[in-house]
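First the structure, then my questions, so here it is.
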Amino acid sequence: MKKNLRKVLEDLKNSKLDIDSALELIQQNQNTIELGYASLDIHRENRTNIPEIIFCENKSTDKILKIIKSILSEKELVIGSRCSEEKLKLIKKKYPKGTYSFEGKAFFIGKSKEKIYGKVGIISAGTTDVPVCEEAAILLQALGVDFERFYDIGVAGLHRLLSKIDKINSSDVLIVAAGMEGALPSVVGGVFPQPIIAVPTSIGYGTSLNGFTALFAMLTSCSPGITVVNINNGIGAASAAIKILKLLDSKLRKE
Amino acid sequence: MKKNLRKVLEDLKNSKLDIDSALELIQQNQNTIELGYASLDIHRENRTNIPEIIFCENKSTDKILKIIKSILSEKELVIGSRCSEEKLKLIKKKYPKGTYSFEGKAFFIGKSKEKIYGKVGIISAGTTDVPVCEEAAILLQALGVDFERFYDIGVAGLHRLLSKIDKINSSDVLIVAAGMEGALPSVVGGVFPQPIIAVPTSIGYGTSLNGFTALFAMLTSCSPGITVVNINNGIGAASAAIKILKLLDSKLRKE
Amino acid sequence: MKKNLRKVLEDLKNSKLDIDSALELIQQNQNTIELGYASLDIHRENRTNIPEIIFCENKSTDKILKIIKSILSEKELVIGSRCSEEKLKLIKKKYPKGTYSFEGKAFFIGKSKEKIYGKVGIISAGTTDVPVCEEAAILLQALGVDFERFYDIGVAGLHRLLSKIDKINSSDVLIVAAGMEGALPSVVGGVFPQPIIAVPTSIGYGTSLNGFTALFAMLTSCSPGITVVNINNGIGAASAAIKILKLLDSKLRKE
Amino acid sequence: MKKNLRKVLEDLKNSKLDIDSALELIQQNQNTIELGYASLDIHRENRTNIPEIIFCENKSTDKILKIIKSILSEKELVIGSRCSEEKLKLIKKKYPKGTYSFEGKAFFIGKSKEKIYGKVGIISAGTTDVPVCEEAAILLQALGVDFERFYDIGVAGLHRLLSKIDKINSSDVLIVAAGMEGALPSVVGGVFPQPIIAVPTSIGYGTSLNGFTALFAMLTSCSPGITVVNINNGIGAASAAIKILKLLDSKLRKE
Amino acid sequence: MKKNLRKVLEDLKNSKLDIDSALELIQQNQNTIELGYASLDIHRENRTNIPEIIFCENKSTDKILKIIKSILSEKELVIGSRCSEEKLKLIKKKYPKGTYSFEGKAFFIGKSKEKIYGKVGIISAGTTDVPVCEEAAILLQALGVDFERFYDIGVAGLHRLLSKIDKINSSDVLIVAAGMEGALPSVVGGVFPQPIIAVPTSIGYGTSLNGFTALFAMLTSCSPGITVVNINNGIGAASAAIKILKLLDSKLRKE
Amino acid sequence: MKKNLRKVLEDLKNSKLDIDSALELIQQNQNTIELGYASLDIHRENRTNIPEIIFCENKSTDKILKIIKSILSEKELVIGSRCSEEKLKLIKKKYPKGTYSFEGKAFFIGKSKEKIYGKVGIISAGTTDVPVCEEAAILLQALGVDFERFYDIGVAGLHRLLSKIDKINSSDVLIVAAGMEGALPSVVGGVFPQPIIAVPTSIGYGTSLNGFTALFAMLTSCSPGITVVNINNGIGAASAAIKILKLLDSKLRKE
Amino acid sequence: MKKNLRKVLEDLKNSKLDIDSALELIQQNQNTIELGYASLDIHRENRTNIPEIIFCENKSTDKILKIIKSILSEKELVIGSRCSEEKLKLIKKKYPKGTYSFEGKAFFIGKSKEKIYGKVGIISAGTTDVPVCEEAAILLQALGVDFERFYDIGVAGLHRLLSKIDKINSSDVLIVAAGMEGALPSVVGGVFPQPIIAVPTSIGYGTSLNGFTALFAMLTSCSPGITVVNINNGIGAASAAIKILKLLDSKLRKE
Amino acid sequence: MKKNLRKVLEDLKNSKLDIDSALELIQQNQNTIELGYASLDIHRENRTNIPEIIFCENKSTDKILKIIKSILSEKELVIGSRCSEEKLKLIKKKYPKGTYSFEGKAFFIGKSKEKIYGKVGIISAGTTDVPVCEEAAILLQALGVDFERFYDIGVAGLHRLLSKIDKINSSDVLIVAAGMEGALPSVVGGVFPQPIIAVPTSIGYGTSLNGFTALFAMLTSCSPGITVVNINNGIGAASAAIKILKLLDSKLRKE
């Protein structure tokens, strides 16, 4: 930007521009900066690498299809979550080449991103926690992140977790989904050194409080360093994992 | 009772009693039965075997001392719980031969009950859960129940629990106290076959919700068959364990 | 296990095995042990005696049928709970010989377990609490536990409970289900000596808070020694009762 | 009022009043009516018969003494509640002839009201609920209402209640205070025909939720027709009882 | 009862009965008393005068019809509440002479009770609170209690209430239903002397918390002596009003 | 009023009225005043300028149509909110000239009010908050208030807000709707000087708590002077804005 | 700013500046703009007119005194709130000329702002709500806003409010503080046309929930257009009132 | 381990060991493995690199000093948190060379760890959030992690954050602490690409709910990928940051 500005000043100095034109050019320039508009936006695109994800709940299929079309007119990839089976089917009809997870109620259409460094381990306590995991999986897949699934290895049968220690250790970041008492992240956090992103799920009834017991349990875990996202928030967990791997990727590329 | 009544009627028939006396005798008899007074009370004493325990919170030391004196005038054993250090000291001064747990804020004075069959394992997740365990211990000791302590073996370091599997298996009933995320009973329930009485403690801050997260977690545990008592309720857990061992004891004595 | 290991060592010593084969055999052996896999699993099967129960909520009938088939290929008994009428009908069509409780929304298929020692009394406060009781009943029946029903004897009409004192006393463990204000376990706990497992139900409206008022009331009961399971958790209550009777059964068999 | 107004008009007509004086008199008259001031106030005094009660919490002793003085300058009776021991002592020093309940943290100074028809039974579940009952007692005493105490007859020992059926039946209205699981009003409501005012108390810990569990339990009681006041609100319960007896008293006086 | 017993004894004495017959008669007599069965039940019928009301929620129409039939075989009146339109229609088909409130979702079949002394004023804050009021009305009508409706006179337009002061004052007991902020009972309590039974309704959204805000507001009202029943509990409010009028009725009949 | 009264008195004095007629006239006058009826009502109509709005939830279309008809017989404008698509369609069929917002689930029929001074800016954090904004818009439009929409400018992309600073500054009052974490009013409050009415919406899941997190966040905002209305309460926000602009309008007209 | 920039360009054009100096000057200029720093800050100062207020809770007196000194070095007025009696005394010792409200726990030091147009009416339901009102009063006084107090006129005695209708109507904005059931704003909103800012206070016990019941009641008020601030937030209410009067003031000055 | 085992087998084969000794050695070996004891523990030490931190709340200074001594006998570094000023002073007296943060209520004694790769940015919304940040800082310092403080840059004055974009971008991981409405992480997450660990603090009153509003707001943030720890949990946030940097460090060392 400095260069551009210098050029304007030089052009003014050299009478290639009159004062009013120079003023206007600088104003325009300032405008974008002043409002933080373009620069922030560019940061968002280039640096966070997490594109906007269509939250399909409370949106009609028509509206979703319009948003998809509008995004695809500008970008190569569009991602959607919390998309009911019915909506998924209608979208798939229109965009049959997309990747659709009926379990994770999520999809992406278009070219997934280039593979980046690292791998995410997705661990679930029970089989009913799998949809939340698959929501995370779709985002990881779309954004070029390798991952491995470790499902149904909750604390009621510890051996299931313990028998997979080595395999789990090959992942760089762990996403751990659990409902009911949400104890699995505590145990995982006592065994593994990786960054752990815990995802409470709404599985259970009565005192499971639709996931709040798992959420609170994970936040007050006796294993230090566990971080937590919202209940059933597979997209959020995947986003957090991607932020970590992107950091890793950027540093490793620099070296 | 039937016999007594028949005797009254026979006496009446045989003119050993006049109608008014017969009426009075039957009335008296009815009275206790009708009101359920004596019989229920006797049941309580003879069958539940859990004597009244003085809840010392919100009672002045004077009031507590009066209750102690009044109970000791009728029974050989008096037990108190939730008794502050200050109160304990004053009571101890008066009854130096009692058993006082400053950690469990509980005491008993007088002759503890005869040993009964069986053993209780008291497990704590952390060191800060110990006072709740010691409250349980005082009641077990007073009522003649053998027990063994397994403290500070929470889920953040699973090996601590796993290394004690055999020892823990020598107990007939398990009391498991844990605060924060309250995950220990779930793990214990996946490893051990005994009846498990889980005690949530108020240890932790923020989302531990003064023990409610542990309570809810224990109630929605993925390990089936765990039962739960109120937050910090060591006395309740011990009482429940005693009820189980009393059942065992009575059956084994019969055989 | 020791024997197996000694045998490997002897075979090595006797040159029936070379070092690499011995190493591998010990490793395999260790592996299961190290990971806690087989041993813990065997413990679970042989000692807890509570087989896995299919939680049918949030599972498609297809998925449930697959799980049933897979379990029946290895075991003689499969149990399911929280199974809607519609699902129950479809399962029954496939496995007409199973035992199905449309009231308890539960079922078991295959040979129920051998009778064990003891009897469970299942008490309900009202008629609307019955489904939760019947869920418990199915599990008790499947696992060979005798039980007796005492339904609709809540505190608004005390005489209903008091008139059944003797009958209830013939049970070894009591399951007490109540919704609304959840007062029945307190009264039962003041009258009966047995271990009591209280089950709050979600019956009621407004301040019944979908069962939480009953749950909290049972946990803060003035009758000491009551233990509690999750709201509507008939399976949990039955499991806890079974753990107590199994303990009894094992001790009595030993004698 | 009509008469007064007619008189003003007649006086005007008869020139005993000029228009301005008539206008002023009507205005004054209107004013009180228009604003609802005096009439409503008179209703409150004459009909509700529940004088203002000084809520002493959050008020300095100085302020309380000033209010007492100001009320006594106009009325023969002043009542205060939620008054700490320290404040009570200071007030007593100033007004030694008052009636002070250190247990109920309440007092009244001056002449208590004339006895009215009827009697209130005050029932408490435990001994720790007594202070709330004594708060009610002070108000009843001050307002000339007869009452009888039935303390410590909670549901853990039913016989205590059942043995007092006849005595309790001599009361016209029942106030029932209970903490913890708050089950006593349900049982009382199943046995007695009188109007029942249930008072939850904050006795208990953990899931007693400072009285909310008792409150919710009382509101969702399976015994129909129980009414409830705020937690620890002895004054409120007494006021409600007084409203019922005042109704009775007024009707009986009429007959 | 004493008389009956004396007669048995006299008959025995006079050889009109043999000992075994006398024994049996007394036993029967005792039985009901001993178990508290008949006496309590008789008390309930004769003194509380609030017959059992069928709670139709969660009951099939078939079950409800069976209960109706069974009650009508013994009594002249059967009452039901929380009965959906669909169920009401089916019941009406079978018992066309009953009284059905589609607004109050309640009904009674058979002969309503004899008129008793007094009148209940039913006040609602808004029009949407009316169904709860009509639930109360059905019970009052069935049990012979006179009542008058004062609907839609909430605090947003005070004049509506104030203009009805005289009419409302002709009632002996006031039922006041309000949702949202539940302020009406506070205002009514500041204006009227009668016993007030406040019924919070679940009308509103967001912070109305399905009636809990109104409930809590009514319980913490600055007008002393208001009593409260569960959210939407029209039956409970009517029952409480009836208990008061029954007391009045019994006293006035005595005089 | 004074004048009218004086006139009555003069007429009486001058024998243009007899005493009974004068009495009646004054009574009528008093009556409205005494009861606060007409005067308060007139105040409401003339001064608050917020006519009654039909809350269509829980009302049948029939009932709504009746209310519409009845209001239109007296006034030129009727407004309804929380009206489902189905109901809106039926009402529109009957009153095709009305203004119907299917997004805001609101409508008005008849002549909208005269334009008043000032403009309201309606800001939404996301696109899913728009229905709440449109509910506000319908009321503003009906009552003659100018407004401008600024939708989907939430805190995740600050530039969207910052780029509209000047436009937003042309509004006199700001309504800011946001769900999820409800952060937008805090940011708006740090940038703009206008009165801000924050509307939490129920958008989000899990810890968004159906709008309570946004509500609480807005109330505890670090930007001073933000005021808040109920969750999803577009009508309430518009009413508050109108009250401010009406104040402005009345003052400016006076000048 | 445009002028400044034009001047730089002219100076450059006129060779009064070289390109590098011009570049630097524009950069500096841009910098503040780019970062939104100065412009936003100036907006805040000049337009919101609500200076920073020291929140004294959790701050040592030393820290508060330092902040006061630092603010006074730049501005003529410093305001503090939530300042305990002890801290107030220490601050007063240092700055004896300040205005200190020991009831409102707030103060200001220095020259209060110029009077602006309009008046605020501060209404309290009870005497215990006064401290919250006085907190508001201090801020109004400091910022040059006229106000009038209407204390202790809650709904239990409606006449107190109704008798002050005219006086209250002389205020342009109403702040209404109430604890317990928080009903006063509903009543005020039905009577008065002004913008109403409701302040829930934490007065009460039990179901008053430390002010949450009042808060929720105010938010779900049946009187439309009431806005609400946080519990006990006198500063917030005053700030909101000031924003409205500042709007009024700015418009009236323009005219 | 394989090597050790092979050696035992070779020794057995070569008759350097007899079978029993070999058996015992393998058993010992197995024991640690079987129980998961040593291996897991070593993993914990070597891989998670987060040593045990003494939670000083609820521990006497004596107990803390004993634990410090015991840890220092085995390790070079001991860390403590939630340590009151009084306790800190006593510990400092004993270990004057330690690093003590009276603001963060934390300390470490002994040699801090070697510097690892990367830097943490610690951002606070207000000055009152600083203690939580300083708790994090102590752990980072102890474990050799570089960090930079960005305090008091909350959303009420956005420019404060925006002016530090470049500086903040030099950090690899961001810890963002905020109380009240907890909006800062949402804004930071919309501007910065780094992994963000949000820490809700208990700053605020009323609807801040002791930090739960900030917690819930952060979890339901509209900025994807934010992870959250418990309220006031500076140690947890630092631990999570360290886990990420350790991952980075290990990968970069490998390259």
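A, B, C, D, E, F, G and H label the chains in the order they appear, each numbered from 1.
Methods note: a residue touches a chain if its C-beta (ideal position, glycine included) is under 8 Å from a C-beta of that chain, and two chains touch if they have at least 3 such contacts.
Not measured: the values here are computed from a predicted model.
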Neighbouring chains shared between chain C and chain D, ordered by label: B, E
Centroid comparison with chain C (C-alpha atoms), farthest chain: G
Equivalent interface to B-E, taken from D-G, C-H or C-D so that over half of the residue contact pairs match: C-H
For chain D paired with chain F, centre-to-centre distance based on mean C-alpha positions, whole Å: 41
Distance between the centres, which are taken as Cα means, of chain G and chain F, whole angstrom: 24
Whole-Å separation of chain centres (CA-atom averages), chain E against chain H: 61
Mean-CA-position distance for chain B and chain A (Å): 51
Residues of chain H whose C-beta touches two or more other chains: 36, 40, 44, 157-158, 162, 190-191, 205-208, 215, 219-220, 230-231, 233
All touching chain pairs, where touch follows the definition stated at the start: A-B, A-C, A-F, A-G, A-H, B-C, B-D, B-E, B-H, C-D, C-E, C-H, D-E, D-F, D-G, E-F, E-G, F-G, F-H, G-H
Complex contacts: residues of chain H adjacent to chain C: 2, 5-6, 9-10, 12-13, 19, 22-23, 26-27, 30, 33-34, 36, 39
Complex interface listing, chain B residues touching chain C: 36, 40, 43-44, 47-50, 53, 117, 162, 172-173, 190-197, 215, 219-220, 224-230, 233, 235-236, 239-240, 242-244, 246-248, 251-252, 255
Chain E-touching residues of chain G, taken from the complex the two chains share: 125-126, 154-158, 180-183, 186-187, 189-191, 204-209, 213-223
In the complex with chain B, residue positions of chain H that touch it: 35-38, 40-41, 44, 55, 57-59, 200, 202, 211, 215, 230-233
Chain G partner contacts - residues on chain H that touch it in the complex: 128, 157-159, 162-163, 165, 203, 205-208
